[in-house]
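Single-structure report; data block below.
Note that the chains are named A, B and C in the order they appear, and that numbering of residues resets to 1 at the start of each chain.
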Amino acid sequence: MSEPWTLHPDRALPADPVTRPVAREIYAAVADLPLVSMHGHVDVAAFADDAPFGDPAELLVVPDHYLTRMLVSQGETLPRLGIGATADEDVETDPRAIWRRFCAGWKHFRGTPTRYWLEHELVEIFGVTQRPSAETADALYDQVAARLAEPGFRPRALLDRFDIEVIATTDPAWATLDAHAKLAADGYGDRVLPTFRPDPLLHTGRPGWRDDVARLAEAAGVDVTGYDRYLDALRTQRERFVAAGARATDHGHLSADTTPLDDGEARRVFDAALAGTVTAAEAAAFSGHMLFQMAAMSAEDGLVMQLHPGVLRDHASGPHAAFGPDRGYDIPVVTEYTRALRPVLDAFGHHPGFRMIAFTVDEDVYSRELAPLAGVYPALRLGAPWWFLDAPDAMRRFREAVTETAGFSNTSGFVDDTRAYCSIPARHDLARRVDAGYLAGLVVEHRLDLDEALDVAVDLAYRLPLAAYARP
Amino acid sequence: MSEPWTLHPDRALPADPVTRPVAREIYAAVADLPLVSMHGHVDVAAFADDAPFGDPAELLVVPDHYLTRMLVSQGETLPRLGIGATADEDVETDPRAIWRRFCAGWKHFRGTPTRYWLEHELVEIFGVTQRPSAETADALYDQVAARLAEPGFRPRALLDRFDIEVIATTDPAWATLDAHAKLAADGYGDRVLPTFRPDPLLHTGRPGWRDDVARLAEAAGVDVTGYDRYLDALRTQRERFVAAGARATDHGHLSADTTPLDDGEARRVFDAALAGTVTAAEAAAFSGHMLFQMAAMSAEDGLVMQLHPGVLRDHASGPHAAFGPDRGYDIPVVTEYTRALRPVLDAFGHHPGFRMIAFTVDEDVYSRELAPLAGVYPALRLGAPWWFLDAPDAMRRFREAVTETAGFSNTSGFVDDTRAYCSIPARHDLARRVDAGYLAGLVVEHRLDLDEALDVAVDLAYRLPLAAYARP
Amino acid sequence: MSEPWTLHPDRALPADPVTRPVAREIYAAVADLPLVSMHGHVDVAAFADDAPFGDPAELLVVPDHYLTRMLVSQGETLPRLGIGATADEDVETDPRAIWRRFCAGWKHFRGTPTRYWLEHELVEIFGVTQRPSAETADALYDQVAARLAEPGFRPRALLDRFDIEVIATTDPAWATLDAHAKLAADGYGDRVLPTFRPDPLLHTGRPGWRDDVARLAEAAGVDVTGYDRYLDALRTQRERFVAAGARATDHGHLSADTTPLDDGEARRVFDAALAGTVTAAEAAAFSGHMLFQMAAMSAEDGLVMQLHPGVLRDHASGPHAAFGPDRGYDIPVVTEYTRALRPVLDAFGHHPGFRMIAFTVDEDVYSRELAPLAGVYPALRLGAPWWFLDAPDAMRRFREAVTETAGFSNTSGFVDDTRAYCSIPARHDLARRVDAGYLAGLVVEHRLDLDEALDVAVDLAYRLPLAAYARP
């Protein structure tokens, strides 16, 4: 191994000898800025309870579907990785066995961001000095486990260690936000914020939809007898989220469609859904309609609207039935934005109280649709490269495809999106490095002056995310 | 500021120390070639009248929708930029106030070609030595205004100063070409050429379509009572354009579809359009049919057919109603070429009298569709990166995606497309630099010999555009 | 010319002075590995008969549609290149005249892989020292012709010279595999393998479909009276291929659709096809259904399923009528994989006996669909960049778009796809260079250690193709 497992200070910076020193200088200007983590999936209970994390496998392997999906693609099975049992296979209950399987499969992560983030985490957070492998697995397990037992590795302590200025959780629309209230009482009210996520309520064709509407009704204290009361209940819960410090909503839809229905049709479809007779086409139309309604409410209450469309969930029926959602079987599809966002942008694209941040896992739309839209509508910001695209080469492609049309000011700056709490510093650090490299490229090609590049770097790492998620 | 506002001689060339000297050598071979500007939107009246340009805002800010759209995306409004009034807002009439807003928003152009072109223009043409900002705005305004008052800054003088060998204007199909006749009488007949643009006449569903047909009828001296006389009138006007030196037609359609209708159906749809009863589907089919007819006429009269499809115009209804078209709200959509161009290429793709130059704002088709098509059909050339893609990184992506399948000879060489007259030299210079960088990359990777790269560079900058727009 | 026609040892390696030495070291580790050529279109008869190749034009120009299509795009005609006659034009019968036209058009290949491969072939295999041109054409012709007369240039001798460890031919599903039997008898049974290609039999709407079914029936000795016997016949022939050493099947479909029909509907459509009354929609549905059936059979017999979708064949009707298929008029179209492959992956994606290798000429799906799919389904591997994408910049884009999600282990390693036998070493060498450059980039950015990069390079060049095409 060529000197592994001490993190190279120049990692992920461009290699050519003209660009690297400039990239270093730009990176140095942002390396130590606090982290603004406005979108994520760390469970609020972690912060509210502040209990120690479990074992290394439970923290770093089992819940990370980037990681388990790669091991599955190379022949492991989810039961052997501790996810769940099937008819044919028991679930592995020994965390050390799971950890060994992860370490044995380390080579398959070569060239992926998972490898990059984990190297950062293991070295920087857990002090690991050996590369994972079948041979080193046990030693690493013991070392990580020992650290996790220390008080400095509890969730709140890590907030300080990671220098997280603010972090948002993602919470169901029917949440009562008790955990956030506890956090506020403990002085974390400005640091751990809720995010309003109403997806299950907007997809009327889902099996559990009526149950979820009942949850909403109960939380909001509104008797949801029809469409109008359903909107009332949503509005009530949005107010609760605003009061608890929420800055944003989040929406994961298959399509970016935002076409509104007329009120009569919306009422009719809602009633059909309550009656269990809604068709797939009606449900799809209603979910687009509801994105429009969410935008209308955002224009009133100022919650920033995050849109994450274009993912076909649960591609494989067998694993879905056995293990549930979020197991690595969510696959992107072609996603259209120009026509899909037109209703919302036509109605609210110049509204001073409205802001939308659009994400994509279909990078083909960067230069064709998203950058041209964000380059003219004041309400629209482009989110950072999302999910499969939150990786060094993909981040570089994002800047190259977007900047020439939308500039930097129309992007959100870096937004991480993870349930892997310990990967957050690595993700931000990597984004800062990639952006520093991109900016250095502009400087050495004399397309930007160095003072400007330094200013942009701070925007991207810190000021733009704060601004993008400030309620307008 | 790190030495701004003297243009660096190596700007937009690759930075690595091996490639840059080769790129410099290639660029030097083309830097001083005359400009061939075969497609553009400078008003012919500017050349015919040769009147002085107005104030700095009127010349450089108000008509440039690249520029105003970016300012709007960051919170300015079109009335405040001098575009027009709305119910809520008066139009700004003080050009200095407009100029100040532009200068104050300068930072938002970082990383965009607008920034690159304007830096070139301000420094090279107007002798500006300070970067635009709120602080420098007035001084810059005065300096540019003073220059614009000089005789050397009139449109015809700039033709010489810019070393423009030939420039094409874009003219409605019903134009009588009087301005071009005046230019011919003044000795500019080979230097300022008309281009035949029939778009409004081909989109039968447009509100003003019948008025435009009446204009065509009057110009052509043909009584357009039906479809056949409509074709006659178009043919007559094409002949007028050919006689006035036109080399090309230009077609902006939402889709690239070229499927012909049979004559009976074409007549029927045309009559329905005259009667005001044409449906949207009929109008779309007819516009595709008319692209086929235009190709058939091109195969006869040799006018090179430029196709610019794939843009959804006037995305926002409010700004469209208030300010009209071409205000920055035209957004690309997915555009298909393989099937869409099949009728025309099957019929005329090997015809010795036919040439089509295809442009796109959907770069996803470069390697999948356009390069494979241009790499076999002798009639098809790929136009230069267009509009949002006329920018350094996008131009590099174009070459990388297209060359391996279509080579260089099947591309048009550089074609600018602008209503911003003073940006023409900057645009050509930038394209020459980016192509020099791409070619230098091939040379230093030993994929091309230097003598070949030098020859290709001259092709791309000068010989290919002349050849592509020579009537076959 | 800047020292042409000695192949530079660093060709196609990154130029920057930091990356190149690392790339050289990685390339050196794979440069001399044997060639594994698991997919191709060299006629098995060449190996079975081992007759000398014909003249230079017959070997290098006439059958290479990459080459003839480019010359056609620049004004040559297929008759003048020896392909066939038309009503207006006789076919050229003088190979030297054809060769001269190729040499005269050499400049049009600049920047294309054809140029790169041919330079490699002419210099390395034929000892040519001058660049092709109108002036050098005759000398080159004589030199190549002289070499072709030598015994060392016969097909089997070249297997050794090229260091081809194993090569697969592509054979119709009704093949009796006599040529492969002869090769086995001569000791080449493990070195030249057949591949089962049933395409014509699966597209029931084709004019010659019934004749091809009759061929299948005869070869299999099965009376194909209906759908069930048709499946039997296919199964029987697959067994014959397996017995002859086949490792894979190959499928070229317009769409990647794999939706199965129920048995009754499949029987009904098959009967309609036999009766000549199948509709285009039925034929399309049946071909998707048959991909599912082929996958089911692969899960049983272990033949690796290669899928090459997304090409619209014979785009121009005139050349198709005059010259037949494979003349350069096959053009890619948008191709969807996420939904299209779902039926097969849902059914067999975790089956231990099934493996699919998916190729594309639509690179827009790399990061959006193919990498996410291959990154979770154990049965799916991504094939190497195919056809128009088998070129240096396109190969680099493939790695950059795919690796961050799918890693290296989920790709097939290099797979060439050519009927140009003499280009095989050049193609493999180029792929090894491009991969070395990509890996070197990861190393110098400290995203991969050098020992890992060296290991991956050997995987990509040698171990992964062997493993991907090993029957599971």
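Rule of thumb we're sticking to: contacts are C-beta pairs under 8 Å (C-beta built on N, C-alpha and C of every residue); 3 or more make two chains touch, one makes a residue touch a chain.
Everything numeric here is computed off the predicted structure, so don't read it as measured data.
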item	value
Shared chain contacts [subunit A and subunit B, defined touch]	C
Rotation, 0 to 180 degrees and nearest 5, that superposes subunit B on copy subunit C via CA atoms	120
Inter-chain centre distance, subunit A versus subunit C - centres from mean C-alpha coordinates, in Å	39
Multi-partner residues of subunit B (each touching 2 or more other chains)	16-17, 364
Interfacial residue positions of subunit B with respect to subunit C in the complex	16-19, 336, 338-339, 342, 345-346, 349-350, 364, 367-369, 371-378, 380, 400-401, 403-410, 441-452, 455-456
Residues of subunit A defined as touching subunit C within the complex	1-4, 8, 10-17, 69-70, 72-75, 107-113, 115-116, 131, 312, 315-319, 328-329, 331-334, 361-364, 388-389, 391-394, 397
